[in-house]
Each structure stands twice: as structure tokens, then as C-alpha cells.
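Have a look at this one.
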Amino acid sequence: MNLQEMSYREALREAMREEMQRDPAVWLLGEDIGVYGGSFKVTLGLLDEFGERRVRETPISESAIIGTAAGSAMTGLRPVAEMMFSDFITLGMDALVNHAAKFRYMSNGQVQIPMVVRLPSGSGTGAGAQHSQSLEAWFCNVPGLKVCAPSTPAQAKGLLKSAIRDNNPVVFIEYKTLYDTRGLVPQEDNYIIPLEESYIERRGSDITVVSWGPALLETIKAVRMLAQEGISCEIINPLTLYPMDMDPIFESVKKTSRLVIVHDSQKTGGVGGEIAARVAENDCFNYLDSPIVRIGGLDTPVPVAENLERQMVPDAGVIADGIYTALGLD
Amino acid sequence: MNLQEMSYREALREAMREEMQRDPAVWLLGEDIGVYGGSFKVTLGLLDEFGERRVRETPISESAIIGTAAGSAMTGLRPVAEMMFSDFITLGMDALVNHAAKFRYMSNGQVQIPMVVRLPSGSGTGAGAQHSQSLEAWFCNVPGLKVCAPSTPAQAKGLLKSAIRDNNPVVFIEYKTLYDTRGLVPQEDNYIIPLEESYIERRGSDITVVSWGPALLETIKAVRMLAQEGISCEIINPLTLYPMDMDPIFESVKKTSRLVIVHDSQKTGGVGGEIAARVAENDCFNYLDSPIVRIGGLDTPVPVAENLERQMVPDAGVIADGIYTALGLD
Amino acid sequence: MNLTTEELSQLYYRMLQARHFEETLEDLFHRRVLHGTTHLGIGQEAAGVGAAFAALKQGDLTILTHRGHNETIGLGADLTMLMGEMFGRSGGCSGGKGGSMHFIDLEHGNYGETGVVGGAYPLACGMAFTQQYNETGKAVLCVGGDGSVNEGNFHESLNLASVWKLPVVFFIENNLYSMSTPLEKEMNIINISDRSQSYGIPGITIDGNDVVEVYEIVRKALDYARSGEGPFLIEALTYRQCGHSKSDRQIYRSEQEVENWKKEDPIPRFAEYLIEHGLAEEGDLYRLERRAYEDVKVALAAAKEMPVPNDDSVYTDVYAE
Amino acid sequence: MNLTTEELSQLYYRMLQARHFEETLEDLFHRRVLHGTTHLGIGQEAAGVGAAFAALKQGDLTILTHRGHNETIGLGADLTMLMGEMFGRSGGCSGGKGGSMHFIDLEHGNYGETGVVGGAYPLACGMAFTQQYNETGKAVLCVGGDGSVNEGNFHESLNLASVWKLPVVFFIENNLYSMSTPLEKEMNIINISDRSQSYGIPGITIDGNDVVEVYEIVRKALDYARSGEGPFLIEALTYRQCGHSKSDRQIYRSEQEVENWKKEDPIPRFAEYLIEHGLAEEGDLYRLERRAYEDVKVALAAAKEMPVPNDDSVYTDVYAE
């Protein structure tokens, strides 16, 4: 396999570039995505490469961005819309939820809405309560939407390419603190990661840990530490948060009998709860040896002060503690 | 106790009337809430009684409605805003989530936002995918908000009065199919139902059933049927969905060892998942004798055709089946 | 005038189809034969049918609001399919899933209604963007009501359409009310078309009860938009003679006001015009009226015979493959 | 003119405080001493300070946007508290939770910033509603940028304020850019103040680099609003001499353009004006500048000494009791 090292940011850009080259129906829209390259520089250079016809800067009008994307998708194009920060999708929820997610169903399948909404998410940048949310749980409660959340550059590329090719509206959660992280990314033309397939990041036998986003990187750290102590953790990354491929999780829990779920977004009402519920209502409940341990972000808005913000999301230490708890080792 | 029979709609109106009489800072805003009385006639007559100063009709501008409510709350008033249908809060999510829910925290407690947003929710009226949602799960993922969901006229009155007196933004879920249901409602001036206290609707010993909204009425039907067969169900209604008072649920599960959760809104990503997760991560997990059974609305948009729409939400039969399953009787 | 005698007859015929269709619906909802709700445009047929007819002629695309029967019929929809949808039947144009507020009829370029006020504006921008992007030479007709122009979506969409020079005509049917709210409580200006100035685009207020005027202006506006000049805002003054939706007792306006507007009913007005200008004879018009009436009767009978959707279809088409 | 010599000095002094405060921030962020981000209004001091000063004089309320230091300082905020907030310290005006984008300073009627573009507009309506409801005789100053006027919130709020005749002045600092986007890509009109016509309210475009003009017009507009006439829209033309936020390399505009605008720098312009009109002497101005400079130095030193917030304070004030 032809691999190249690059950042998560570059991998996303490469996915868009390749899909734009492949399919003339793909176009980009968003605020300052041209010369400026977007607030996080993800689209940098794409205006030069593809021109103003396909890389469209918009006024600050989030509802119009999402609705315009949906209308163009309904008529045959494949828009990729960027919200400058995920928090601003609050301004586009009607277009996304009442229109993009529902037009296919309401029309009995006569239209489809192949579009992607990219959402730079998460805390950790000192940007405060209105620029740091991860709202994925909302979208995982909206039938008609799909939700992706890549954690590595390779996943970012492979999932974004699939999302662009998918014939449904896909909410694509990107993590601001991952943009600079680097990794090897396949260069094959046909490299994609299919949606709705969970991925086993690491095999193990003592306990199942489900995680994604920046929390996954901390989980991996924690699991490496624990490996030194002879604890063997299986890590599953759902990749697509909705609809979620639960089978690998069920199988793993049946094998390990213990489950820890870790994510950065607020714990209460978060996607972790849904996973815990799915396990607790499944027959793999009968295999569980101890309560499920769910670790999430604090149930507070995100503060600016560094020492406060740092507490928002779980780190490797907290995760290791959670794993000990699930193993009955605390 | 002085009780009077009235509808859920009338009970809500009575709550607003009493609080407006009690506190001159309370005012109402929304579309067509005056002469027309709102789409569901909940505010009918209040314009006559309190005049245009306190009952304010707005243009069709949901974001402005929520934001104006928040701004007035920040400066000392107690607005009660109506969304004509819950689905339109999608247009006010920025004002609600990024502003109303966060200004207190961001200001380190220097301002408070005592406001209520009333959301006529749910399917069952043939109004289609864009007028039938129950979006409560979203708000239960937003620290800073509280979420109420009354199921009877007495609850509607008692909770709405508390919500209006509360010093936080409260999302008040009303159910369209409950507006015409009737029940006895206390007439005492000081009658309120405190927020964040779950209520045991019925005592029982064999199984715990958590439910709210129209689903609760179906749950009660199912439980009555099962009582004839000697099955004793304990029914708990959280009343406040966020932050939720879990202790009565934990205690009940420890007693019955079995848990069923029932709600009308979409199952996946719904509030039921959070409850299941809270139980599965609590030490009452160790008391559970069988997998948790979670029953929710279908994971689809709401269709118009009657035979399709009817399937959206669980009825007593489905609920009874779920209870049998949890009891290992299926 | 750009309309042939044949086309004028068509217009008249479709206005009558729309009128009979809606009067039939009104009765069905009144008698609770039908589930759900509906928004009728009785009295607004000149605006709805006239505008739709203009879009249809060049194969343009249309997107509608909650009160979309007139336009849908103006575009030439099959009444049986429409009526089937009202009954929530499998043979309805949305398979029974959409109902009165979510018609769709792609065959006639009709991308359907949205039940969310203002929700169509950004969709229309996107639809128009596709035309521009693919250089199809087509334009988009986006219909809205007077109440919808106070939604943020109106503002964002007209601004975006102007900056991007999108081929879209925003056609506002000003029926003086947003549900129970009279215009002066919705906004502090007289002419909605004046809002075009905020976007640097042309705007015009026209007599929305004059179907020929509506047709002519919408056609010109669509051509303007298609030519690359960008969006156009039209305000058509009209009146809803019926209630807002099935449960409206109309206590917010006087009977006198309604009666006065009935004198401006666009259908007799058009009939008079046709006869006065020697474009039709009374007999012709009578025959068209009978035909329209029959069409609705046939549609109604057919709809009633349609099976309800398969129960399992509740699960289909949530997602595309 | 409505300003005493003493007040003119105050204005000049606060503009300099703002300038030094922001230049200090720019340096701190550059050197990565500070966490998070900031939006500086260097070059926009006449607009921000002038408008705020007008609101302050009558005890009016203010609500701000992400670029809110100038106004906050114009209202007379304590620089130490502000600087503390920039450092995310417990003694900051929001206890370290708000940062540069979420200042608040209730003592001076300053309800703070929102980091969401356009988010302040409906809040301002609500704040103004309270004044109307309680007949306080106060008005609200709501600050926005040129980019924000394309948000749906701008439209809905100005319309609502007009229909309800709310005492609020919408003050738009048009600095010709929305981040990297030049005005002509944001909208297809020249004067933002023309949008007032959509709401039937007065609108005016003024020289936003002339602090006396800003002050005078804002004062009059607030009085107009307070008198019961309803909202007023002001567009103040100005220029952001610095980058949009800490990471902006400003490749979207020419250095020449920036240099040209620096010649319009409102601070030297005001100094010249004061001297020419015999309202101050060079020595006075120099002393004010030194004082402002010292203030910031003192604030910086004090902020650095402040303890970070108690770790547990992350949990407090999510809810009121």
C-alpha cells in the first residue's frame, strides 16, 4: 500500500481534492474557505486548484449555507459545506433537520440529498463556550442523517470520501485538536472507509473500550499503559456514530464481559449513553460481569481558563481509572 | 385539596395565568398567541386578561423570539415563549443553546436567564415530518438548560409554574395529543411541582417502568392489563428530563431487578438511552436480572398516512410485550 | 401578451381545477373524512396558478410553501395523485407520507412544499445554484407568503442569491395575513417588494388577483434571472378567502373584509377579462368549469379507491442506498 | 456639540487605553503567552469608544460582538479586570470563564460580548423590551459588524424591534471585511444603512473614524429610541488595521490598503481636532497617553499576579439556584 504521512487537516483536504477531481458534481461552500482556507485551513489551496465555480465563499449566513447545500443536492450536486465552528450549526438546524434529513422520506424516495456538513468540533483551544461544542448526540437522534467522526488522518480521508459519495446528508464531525495530528494515509485512488462499519483499533481480551475522537488517542495511551500491567484491552472505534454498526461491539462485549465507553462530548445525553443502552438491552447484557463504565466530557459549558478547560475532557489517567473500575481493580 | 377537572391545555393556561398574576415580570411571546390563542389555543383568553403589554405576538421569527426572551430574562423579566410547533425550535437553537444556556456560565454567574420555551411536541395529528417531532434528547445534552415533560393536567400546571419561577432557561415539552386529555388539577395558590424530582406514578414490585408523555398513558393501560394477570409494575415518571432525578429509579430497580423504559420520541439517541446507561453504570446494575428493555418511537421521520403514523409510537400492546420480555415471559 | 388563446384557456381551467380541488378538500376536512390538516389558497388562484404557469413554460423548477395546491395544479399536476396524497394513500404523489403540506411532483419540475415557513428560500438558492453550475439555462421559482419574509431564511437567502447572482425568482403571495396576524403587526413597511433594496435586486408589487399580470411579470422575472442578472423579488397582492387551516374560525378579521375581497375573486375577474377581450365565449368557460369539476370528482373517487400504503413502508426511504 | 472639554479628554484617554490594551494583547498572543484567541479592533477606537461613551452617559445598556474591547473600555471598564479575563484568571471580569470573546461588565451596563456573529441582535431586542416594559427610560446599544448584517438574526431582530418600537440602536461597525471576505462578496449594496428601509426605521452612514461624530449620532439615536420612536440603524465606516484574529496573515488585502487606512487612524485624527479647536494642548494629550500606557502596564502586572480560578469553579454557575 502506498502510504504518505500527513496531518488530519491535510488528509481531509486530500479527500475533498480527490473527490472533486473524480466527480464534477462535488463543490464546496462556506465562510472564508477560499483565500483564507477556512478558519482551520482545511480547504487551503482548493480555491486555486478548482476555481470560484466549485469553491464558493458565502456571507455569514449559516442557515442559507445548509439550505443551499440541500437544495443543490436535491437537484443533483454533491455539496460539502463547512461550518466555521460546529457551534454554528445551531443556526442551520432547520435546514439540516427539517429539510435535508426529511425531504427524501417525505417525497417517498423521489429526491435524495447527497451532502456533507463538516463541523470542526470540540474543546481544547481556549475558544470558550460558544466555540467548543461537540453536538454529535443531536444528529444521532435525527433519522435521515448519518454522522461520522474520524480520529486519525487515514480515517479522516477514508470517511470523508465515503461521506461525499454517500447519497444521504452526512454530518462530518472533525476535531479541532486533531487537525495538527499526523499519520500515514493511503494514497490509492480507490481508498475509502465504508460508512456504518465499526473498526477494531486494537484486539484484546480483558475488556472492551469504545471510543472516538481525541478521546480515542487518550484511550490508546491508557491502554498502552495498562498493557504493561498485563491488561489486554480491545478498542473499538465506531467511525460512523449514526447509524452505528453495533455488531463488533456486541461480539467484543460477549468476549470480554466488560465495557468502557469514552468520549469527549458531554457525558449526559451523549452518544455513549446510546451505546451503553444498546448493550444493556442486548443479550450481551447477560455476558456483562460488571457495570458499564461511561466516561464523557463534563456536563458544563466549556470555560476559557486553561486549568478549567483541561478538565472538560477525559485524559489517559481518567480513562485508565475507568478501565480499572470496570475490571473491579479499583 | 381543592381539585378541579380540566384539560391539559387549560391547566397550562391556568399556570401561566396564575404566574402572571403573581409576578409582574412574567410575560408571554409567540406567534398568533393573542386573539387566535396560539395554534393549540393554549394561551386563549390571556391577551384579553393581561393586555398587549404582557401578551406579545411576534412576526414569524423564531430566532428572534428565543433571543428576545433571553435578552429580557437577562435584564430581569420572566418570559414564556411559545414555539408554534416544537419543530421550529430548530430555528432558535443558537439563541437557546449558545446564548440562553451559556450566558450565566460565561459570565461566572453575573447574569441569569429565567425563561421558559414551550414546545408543542409529538406525532399523532397527521401533520407530517416537519410538525411532529419530539426533540427533547437534544436539550438533555445541553448543560445550562432544564427540560420538563408533563403527562397530565395536574403535572402540566404544577411543572409549568415551577418552570416559570425557575431562574434558568427551561425547555417545556408539551404534547399535542395530550392537550385535550382531562384530569383533576389542584387549585391551591401555592400548588407547584418542584423541578428535578421524579414521581412514582404507581407502586409495584415486579418490574420498574420509566415513562413520560403520551407513552405514559399507554404504559398505564398496559400495566393495568398486566395487573389483572398478577404482574405488579412500578411506574416512574421523571417529570424533569434534564437534569434527571435518578434516585427513585435506582431504588426501584434495586427493588424490582427489572427495567423497561418507554417514550414516544425516536428510540435511537433518545432520552431512554441515557436512563438505561445511568442504570447500567450504577451499582444497581448488579441487581438487574435481565437486559433492560427500551421502547421508543420508530427511527424514521413521521409520515402522514394514518396507518403509517400510528406505528410511530408504542401502544399499550407493544409496551405489555416489552414488559413480558423484561420479565422473561415471552 | 405572451399567451395564446389556448394557453389562456388552460390557465382558466387550472384555476378552476384548483378552486374545486380545494373546496372539495375544505369539505372533506370539515367532515373529518381526512386526517391531518391543510392550508387552502381559495382566492389566491391567480397568483399561484399564474406564477406556476410561467415557470412551467420554460421548464423551470419550482419550490413551494405550506399553501401549495394552487401552484402544484398550475404546474399541471395529476389531480388523482394529489388527491391520493391528501388521503394518505399509496397512490398519492408522495406515497401517503407527505400529505397536504408535502406534495412533490418532479415530473413538472415541482420540488414540492415545505411546511416550515421560510424553509424554501435557501433550498431555492441551492436549486438555482445547480442551474448556474450546470449552465442549464433554467431558473427557479420560489413561492413564499407575507409572513415568511420576516424569517431569517428570507434575508440570508435573498442576500446570498444576489451576491452569487443566482437564477431565482422569489414570489411572495401577500394575502395580508400570516395566520391571524395582519400585515401591520408583521412588519412596519407597506410594500414587501421594497425589501429588494436590501439586496440590490429588482423588486415589484403587482396585482396578484390578475392572472395575466402575474403570468407576465413572473415570466419576465424568470427570464431576467435566467439571463444571469440574478434574483428578482415579486410581491403579488391577494387575499385568502378561506381560513388559514382547517380549524380557523377567523375571529381576527371582519366578515365585511372577506366579502369585499370576494368581489376581487380572481376567477370571475379572469372570466370577465376573457369575454371582454373576445378571448373566450361563455360557453367555453362553462365547459372548462364543468371539466375541472369533473376532474376533481374523478380524482376524489379514484383516491378513495387507492389502497393505504403498505404498513412496512413506514421504514422505507429514510435513507438512500 | 454635547461634550465638555473634560469629556473630550476622557474620550481621548479611553481610546488610548483601548489602543494600548489591544497592542499589548497582540503582543501577548503573538508570543503565545495567552491561550485561546482574540479579536482586536485596532483602528476602530473612534467607533467603539465613541458609541460606548454615548450609551454610558445616560446609563443605557450595551451588548457587544466578538470584537468588544474598544466598547468595553469606552464604557469605563476596569482594565485590570479585563486583562485578568484575558489571562483566564479568577480576578477577570468573568472569573476566567469568558475570555476575550465573552467579557461582561454589568457595573457599566455592559451585558457583554457574544462570540456568535449576529447573536447579540435578538438579545438586544429583549434587553430593550425590558426597558419598554418597565418604562425605565433607558435604551440599548447593540454593536455588530458588517459581516453580521447577513445573518438571519439581524433581519428578524430589526424587524421585531421596529414592529414593537423597541428602544434599541443597532450600531454597525463596517470595517470593510468579514474576516477575509471583502464587503462586496458579503452583499450587493453599498450602504448597510440602506437596510433600514426594510424595517421602516431611520438609518444613517457616518464616518466611524471621527469619534465626535460617532458620539453625537449615537447619542441622538439613543435619545430617539428612548423617546418611543423605535430602533435606529447606524453604519459607522471604519477599518481594522490589525488581523482578524491572532492567526490572520492578511493575505486577502494589500499592504497598501492597510497603509492608506492608517492615515485615517482615529487617534491622531482626534488629537489634531482637539488641538486645532483649542480643546486640548499637546502636553495634555501626551499626559493622557502616558496615563493610558501606565494603566495597561499596571493592569498587565496585576493580571499576571492573579491566581488561576479554583479548579472546582468549572462546575459552578452552570445553573442558578
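So that you can tell them apart, the chains are marked A, B, C and D in the order they are listed, and the count of residues begins at 1 in each.
To be clear about the criterion, a residue touches a chain if its C-beta (ideal position, glycine included) is under 8 Å from a C-beta of that chain, and two chains touch if they have at least 3 such contacts.
Just so it is clear, the model here is predicted, and its values are computed rather than measured.
Of all chains in the assembly, those touching subunit B and also subunit D are A, C.
Computed centre separation for the pair subunit C/subunit D is 46 angstrom, with centres defined by C-alpha atoms. Chain centres here are Cα means. That of subunit A falls 40 Å from that of subunit C.
For the pair subunit A and subunit D, the distance between C-alpha centroids works out to 36 Å.
The geometric centre of subunit A is 30 Å away from that of subunit B, both derived from CA atoms.
Each of the following residues of subunit C touches two or more other chains: 96-98, 102, 114, 116, 119, 150-153, 156, 159-160, 163, 185-187, 313, 318. Residue positions of subunit A touching 2 or more other chains, listed in rising order: 59, 61, 63, 87-88, 91, 94, 98, 105-106, 128-130, 143-144, 299-301, 303.
A complete topology is adopted by the chain contact network, contact being made between every pair of chains. Of all the residues in subunit B, the ones that touch subunit D in their complex are 27, 53, 56, 58-59, 61, 63-77, 79, 94-95, 98-99, 103-112, 114, 143-144, 146, 167-168. Subunit C meets subunit A in the complex at residues 61, 63, 94-98, 102, 104, 106, 111-112, 114, 116, 119, 121-131, 133-134, 152-153, 156-157, 159-160, 163-164, 313, 316-321.
Subunit C contributes residues 150-156, 159-160, 162-163, 185-189, 194-195, 197-201, 230 to its touches with subunit D in the complex.
Every residue of subunit B that touches subunit A in the complex is listed here, in rising order: 63, 87-88, 90-91, 93-94, 96-98, 101-102, 105-106, 128-130, 135, 137-138, 140-144, 242-243, 265-266, 268-283, 285-286, 288, 290-294, 299-301, 303. Of all residues in subunit B, only 31-32, 34-36, 39, 57, 59-63, 87-88, 91, 125-131, 298-301, 303-308, 311-312 touch subunit C in the complex they form.
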